[in-house]
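Next come two complexes, and both contain chain A; in the first it sits with chain B, in the second with chain C.
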Partner chain A sequence: MSRYRIPGMGRVDPARTVRFTFDGRSYTGLRGDTVASALLAHGVHLMGRSFKYHRPRGPVTAGSEEPNALIGTSRGPGRFEPNTRATVQELREGLVAESQNKWPSLKFDIGAVNDRAYMLFSAGFYYKTFMWPRSFWDRVYEPFIRAAAGLGKSPTEADPDSYASRNLHTDVLVIGGGAAGLQAALVAAKSGARVVLVDENPEMGGSLLSDPSVRIDGQGAWAWLADRVAQLRAAGVTLMTRTTAIGYYHQNFVGLVERVADHLDRPPQGAPRERMWHVRARQVVLAQGALEKPLVFDGNDRPGVMLAGAAQTYLNRYGVKVGDIAAVVTSHDSAWYAAFDLADAGARVAAIADTRDRVRQDLVDAARRRGIEVLAGHTATATSGRLRVRSVRVNPVRDGKVGPGREIACDVLLICGGWTPSLHLFSHTKGSLAWDADNRTFLPDRTTEACQIAGAGRGLWGYGPVLEDGMRAGLAAAEALGRTGTPAGAGVEGDRPGTGVTQKELPTDRSAGKAKAFVDYQNDVTAKDIRLAVREGMRSIEHVKRYTTNGMATDQGKMSNINGLMIAADALAKEPPQVGLTTFRPPYTPTSFGAFVGYHKGATFELTRRTPIDPWAEAQGAAFEPVSLWRRAWYFPRAGEDMHAAVARECRMTRASAGMFDASTLGKIEVAGPDATEFMNRMYTNPWTKLAPGRCRYGLLLGEDGFIRDDGVIGRLAQDLFHVTTTTGGAARVLNMMEDYLQTEWPDLDVWLTSTTEQWATVAVNGPNARKVLAPLVEGQDLSDEAFPHMSVAQCTVAGFPARLFRISFTGELGFEINVPARHGLALWTAIHAAGQPYDICPYGTETMHVLRAEKGYIIVGQDTDGTVTPQDAGLDWAIGKAKKDFVGKRSLQRPDIVAPNRKQLVGLLTEDGTRLQEGAQIVLDPNQTLPMTMAGHVTSSYDSVALGRPIAMAVIAGGHGRMGETVHIPMPNGTVRATITSTNFYDPAGERLKA
Partner chain B sequence: MLLIHCPYCDETLPEAEFAYAGEAHIARPADPSALTDEEWRDFLFIRTNARGPHYERWRHIHGCGRFFNACRDTVSDRFLMTYKAGEERPAHATLEAAE
Partner chain C sequence: MTAQRHDFDAAPFRLEELPWSPRFSLRVRPQNRAALEGALGLTLPARIGERSMTGGTEVLCLGPDEWTVLVPESGRDALVDAGARIYAQTPHSLVEISDREITLRLSGPQALTALTAGCPRDVEALQTGRAARTLFDSATVILWRDGADSFRMDVWRSFLPHVRAILDKVAAELKSGL
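Take a look at the complex of A and B:
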């Protein structure tokens, strides 16, 4: 048995020992312990170092609000977690825990020199210290801040654990399984509602677990608790422990994180580590209780100084006495009861100092009966002890004057500055808060959601009122659901009522400027820092917070916000509501990335679309590239070829004889109906009325602002049927845009739009021998130039499959595109590949496609255009149906900024020295101008061209169309490149090869 | 995750099924060529940016595919009502009743 464990107390199992290590040393604890309670049972209070001053720290709480006792926990490779709260982490067999922010050791830390350089690190020190000179940022300031900003080391390996995600719908969600929550859940369930009760602890009970002296309905508190939990189960309530409500969102949507595996010795194979629940509740009951506040005075952070309620929890729930000699400093009755519990369990309580002049007589009597000295009207002004508190200095305060101090020896100092309702979840919903001037606390006021608030979370105290209030909330939830609840009262004996006062920093007889009176333990913010922030001009609490970092650590100011506000309000001589309260934001407690990610990682992070021909490409060893969600064959390297060689060969073979390309990813939309032509006339820039069935046309789509949105070849299959193709990435966008106009602007048009992208597989065959390859496979269509000229479309049979056959080209060569139902795509591909063998047909990928189209100056929307390019800018005026009265974007082509001179226009670029330019490189007209240079445009496409025997590029350049033949300059890190502006049509400018 | 009522499906469904589509009741002019540059600019770019009730368009893109209109309070992010495309903009009195 460890030294500070009290046999017969607590809810831990004395028969089951659990071994673990802390900073390499082995310890034992009991099943049911947290890391903190187990270490405290061995008398270990020192568990970490603070973030800024590296001051030694021990646990100050026993719950999820803990700011100090942050540890790293590990369960093997990839399973290291920093910043775990030792007060929450349950003990498991073989747990490896380590402290943080210490070097070389927890007991001797070199960073603690910061503590002595205290004056340097006062409020706003980041802003003041790290301002100048700019060059110091990279080499001095940033490395310093990074090194100092400890807060745990993030793991470097991938997380091997899985995380689950679930939806849950319920009538009533009760958050918090304390006295109020238990009552609310039972009453709501008995009305017939479906009820879910969640609590972040391993078991239900809330403060009943920590403070069990009360009797309810004639039973001991724990017997009553067990009975209530059994009744809840019998009533069909879903009970979820180890489950934290992290955020409360619109329409009663609540995020819960359930810790599934971290407490288990050996998690079952495949079990998720955590599970995120997305809950939609018709009614929410917030029964989260209240959080105890520290008192703010010099030295209130030494190991051994802890909240009185925490000491009471360690005693009653874990059977751990936090010290041998306790002293208490409080401004609330609750700490008196904690002291009584400790004294009754055999600890010595030297004294209770209360900041109030008058304390309830029954408390004073009960203290004296236990031999505890009572010091009413006292302040605390200092503590001593390096790695553990040794004494506290208390002084009487009379008429605002601090009298002489007196040292009280202790090895644990219990402090209590009162309690503040846990407002976090309520505030997530933008529910308004009301300032309770009598009790000097904020309370939840107007709700924006269908929610009830019960118990200490709305300022009530004592089990009687809280149980009563829980019942009321349960009834209200039932009634809101149209149900009738039955009141279920609970008779309370031996209740512990309590009141207190809210304090700013405690008065002192010493220099307040030298006091290290901590408000925010985790970020090392002192009362002096907050007053300094006010002196330096901060007026709003939001500014004070950012200037001092008060409340900005991982505990989100659970312990520091109200104390910080009281001090700031005092410094500003205002009432706290006039200074404001900072915003509470989700998550309530630190939440792992894994819980948010859930299943969306690895192969299920994002779907991968594959064409029917993809397996063939993979079998051939193709390299792939992602294009929007598609995986596309990039190039087909042969043995010994790198990308450059493979692409050069693919280009050469296609232009020399024949190449084949999987174009299935092109977006396809079927536009059908009596008004299809009218619709196409209104959507696209081009005229469609006179396009005969069996013919196709390049279509250009603008936004209403006149900028190019998409393009593609459109075939007219019948009077009332168009086969529209879009860019690979633009398919969904274009269909959405078409639907928008059709549904909302032109609902009178009789047109149907259908996405057919995945219904058709598309194979492009290009090259001088394309017709020879294809002709033997085609039935029902003469492929001769006379019968089937360039820009024709036909429905026929190819390789035995029904097909839509286009004669079009994106390479400048004789070209065909064959669409067959997707299920035949692979068979069509292999048939063409076989038929092409006599012609050495070459499968090529997207890179070769890009090179071949660039040699012809064919644009790629989104590469050569960027959302600010008009048809004129891109040299596509010819695609505009000038006789049309209107189409989407037409009016904008007359906008002043679009007809203005010197717009960036698409041109070709040829470098003088044969350098290949980098896409995105900036272009200047005068290389000798002073910095920063005036940029005239940028390179949009750049490739090595086999056909031209040199690199080619496309670029947008201001006034480019009027600068043909001029020289421009492209400054690069290793020198400026000179290039000549040319046409974008680099290869076969007369287009003879298309007509072959 | 908001819940949105699709007036065509007559179902209240998760936001993830819907796509926002900009401010509502901005009809494309019947004859854009008749508009001055300033009028056309206003049609293209000038939006209400309301603080409070805002009339806007949504599409039930992963459902029935229909565009519809909504009035949403941009302060509370609460949907005051949704209604079919082409229907009149509801008066504030109607919205208050719906609330």
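Take a look at the complex of A and C:
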């Protein structure tokens, strides 16, 4: 048994020891311990160094609000986690823990020189110290700050653990499994509601776990607790422990993180480390309790100084006495009970110093019975001890005057500045807070959500009132759900009621300017810093926070916000609500990235869509590129080919004979109904009335603003039926836009839209031999130019599959696109590939497709357009049905800025020296103008063209259509390049090859 | 949840990919619904999420004017022909989407739990004999509940590998018993 463990106390299992190491030294703890309780059982309080001054620190709490005892934990390669709270991490066999923010060792840390130089590190020191010289910022100050900043080491290896997520719907979600939450959950469940009860601790009970002497319904607190939990299970309540409610969002959407495996010695195969729960609850009951506040005085941060409630928890829950000789400084009754528990367990309590002049007589009597000296009306003014507290200096305060100090020897100092209702989740919802002037605390006021608040979380104290309030909240939740609850009272004996006063920093007889009286332990913010911030002009608590960094550490000011506010309000001589309270934001406690990522790592990092032909491309060793959510074959390298060589070959073979391309990702929409033509006329710029069934047309879609949104070839299959194609990335957007117009503007039209993108697999065959490749496979359609000219569509059979066959081209060559039901896509592809062997048919990817279309000047929406390009700008005025009375975007095409002469227009560019331009490169008309130069436009597409034997580019240039033949200048990495403005139709401008 | 009992040898749920079968998207104005029902020999439920079964043909109402029709292969051509015959009097849209989605069947005691890993909707509240459009992870799906422990999920073809990969991860997780 370790030195400070008390046999027979605590909820740990004395029969099961657990071995772990801390900073390389082996220790044993008991099953049920946290790292902090196990170390404290060995008398180890020193667990870390503070962030700024590197002061030695020990745990000040026993819970998730811990600011000091942050450690690195590890479970083998990739499983290192910095900043784990030692007060939360449960002991597991073989746990490797290490302290942080120290060098070379925790006991002797070079960085502690900062503590001696603390006068240099006052509030706002960053802003004051690093101002000049200006040139020092990049090379000296910033690297120095970056090296010194941060707490803990970031992991460097990939995290091998898995993470999970779940959605959960429930009638009532109760957050907090303490006295109030247990009652609320039981009452709600007995009304017939579905109830989920969550608590961040490994077991339910909240503060009852630390108060076993209280009796409820004639039972000891722990027996009552076990009974209540059994009743909850029997009532069908879902009980979730180790589960933290991290955020409370709109419409009762609450995020929970469940710690699934970190406490296990050896997690089973496949177990996730953590699981994020997305909960949608009809009613939420917040029963999160209250957080104990420290008192602010010089030296209130030495190892061994801890909250009284924490000491009570270590004693009762873990059977650990935090020291042999305790002293207590408090402004709240609760610390008295902690002192009594310690004294009763065999520790010596030297004295209780209370800041209040009058303390309840029963407490004073109970202290005296135990031989504890009572010092009412006292302040604490200093502590001594380097790596562990050795004494506290207390002084009487009479009529505002601080009397002479007196040292009280102790090896642990328990402090309590009262309790702050945990308002975090409530505040996430933007619920308003009310200032309780009597008790000098903020309480939840009006809620914007279907939410009840119960217990200490709304300022109540003592088990009797809290249990009563939990029942009330449960009844209210049931009633809000239209159910009837039955009251379930609980009679409390030996309750521990309590009140207290709210303090600013404690008065002292010494120089307040030299006091290291910490408000925020984690960010090393002192009372003096906050007063300095006010003196330097900060008026709002938001400014004070940012100037001093009070409350900005990972504990988000759980311990420091209210104390900081009290001091700032005092300095400003205002009431706290006039100074404000900083905003609480999710997550409630630090949350791993893994929990947010969930399943989205590795192969499921992001949804990747694949075509039916994708397996063939993969087997051929294709390179892929992402296009919206799809992965598409980019090019098909042969042995020894790099991308450049592969693309050049694919272009050459396609133009020489035949190429084939997987176009399955193109968006497809079936537009059907008696008003299909009218609908098409209204949506697209082109006229559709006279397009005969069996013919296709290039369609251009604008937004209401007149700018190009999408394009694609549209086939008319029958009088009332169009097969619309969209760009790959535009498929969903275009369908949404069409549905939007149809449902909101034109509900009178008898036309229906169906997405058929995935119904069809699409193979494009292009090249002078395309017809010869395809003809043997086609039944039911004559492919000759006379019977099936360019821009035709037919329903026939290809390779034995029912098909929609288009004669269209996105390459400038004779081209066909064959659509077959998607399950036949791969078979169609292989059939065409086999039929094309006599013609050396070449499978090509998206890069070759881009080059071939650029040689023809065909635009790619989103590459050559950017949402500000009109049909005229793109040279597509021919696609506008001039006689049509309306279409989406038509009126905008008359706007003065749209018809202005010097708009950026799409043109071709040929460089004089054969340089291939960079896409996105800026263009100037006169390279000799003074800086800053006027940019005339930029390059949108640029490729090496095999067919032309030189690089080609497309660009948007101001007034470009009127500048044919002019020279422009493009700055490139190796100097400015001269280029000539040309047409975008670089190859076969007469279009003879299409008609083959 | 940690309290879940588990048989370590069994898969936590059974996952099958159902064979191809004809499927149509049917659209018609609500006032023409009755006329079309007669002509096509189908029952078109009026409430979203409701299903009907006539002969071997199953119909799901997905919107005020939208139904999904699952027809046996033997009845496919007859349905298309009947639609063509009535079109002039009762305009509608009958688009074949047999290849657009692939259907998975999930069954077994933990099928529902597995679905809650990806579906934000209240799957537990989905009644047997009904269906709903929802998401699984980031894929749009239609979820059919055929029994307390039996579901079908229609997934767009290209999203299927992702959905299956997520379900594989969920299966491993459930198998761990935690």
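Worth a mention:
The criterion applied here is as follows: the second predicted complex is superposed on the first by the 980 of 996 C-alpha atoms of A that agree within 3 Å, B and C clash if a C-alpha of one lies under 4 Å from a C-alpha of the other, contacts with A are read in each partner's own complex, and residues count from 1 in each chain.
In this text, contacts are C-beta pairs under 8 Å (C-beta built on N, C-alpha and C of every residue); 3 or more make two chains touch, one makes a residue touch a chain.
Given the structure is predicted, the values throughout are model-derived calculations rather than measurements.
Contacts of A:608 after superposition: chain C is touched, whereas chain B is not reached.
Taking chain B and chain C in turn and counting the residues of chain A each one touches, the greater count comes from C. In the superposition on chain A, A:837 contacts neither chain B nor chain C.
Shared-chain residue A:154: touches no atom of chain B or chain C. Residue contacts after overlaying the shared chain place A:934 against neither chain B nor chain C.
With both structures placed on the common chain, the touch criterion links A:760 to chain C but leaves chain B unconnected. Once chain A of one complex is fitted onto chain A of the other, the partner contacts of A:278 extend to both chain B and chain C. By the touch criterion defined above, A:750 reaches chain C but does not reach chain B.
Overlap of the chain B and chain C interfaces on chain A comprises residues 278, 280.
The touching residues of chain A, when paired with chain C in their complex, are 162, 164-169, 238-241, 260-261, 267-272, 278, 280, 599, 603-604, 607-612, 630, 670, 672-674, 720, 750-752, 754-760, 821-823. Note for the complex: chain A touches chain B at residues 249-251, 253, 278, 280, 430, 448, 704-705, 736, 739-741, 743-745, 747, 885-886, 890-892, 894-896.
The residues of chain B lying in touch with chain A in their complex are 1-3, 19, 21, 27-28, 31-33, 35, 37, 40-41, 44, 57, 59, 61, 65-67, 76-78, 85-86. Taken in their complex, chain C has these residues touching chain A: 1-3, 20, 25, 27, 29, 65, 87, 91-93, 95-101, 113, 116-125, 137-139, 156-159, 161-162, 165-166, 169-170, 172-173, 175-178.
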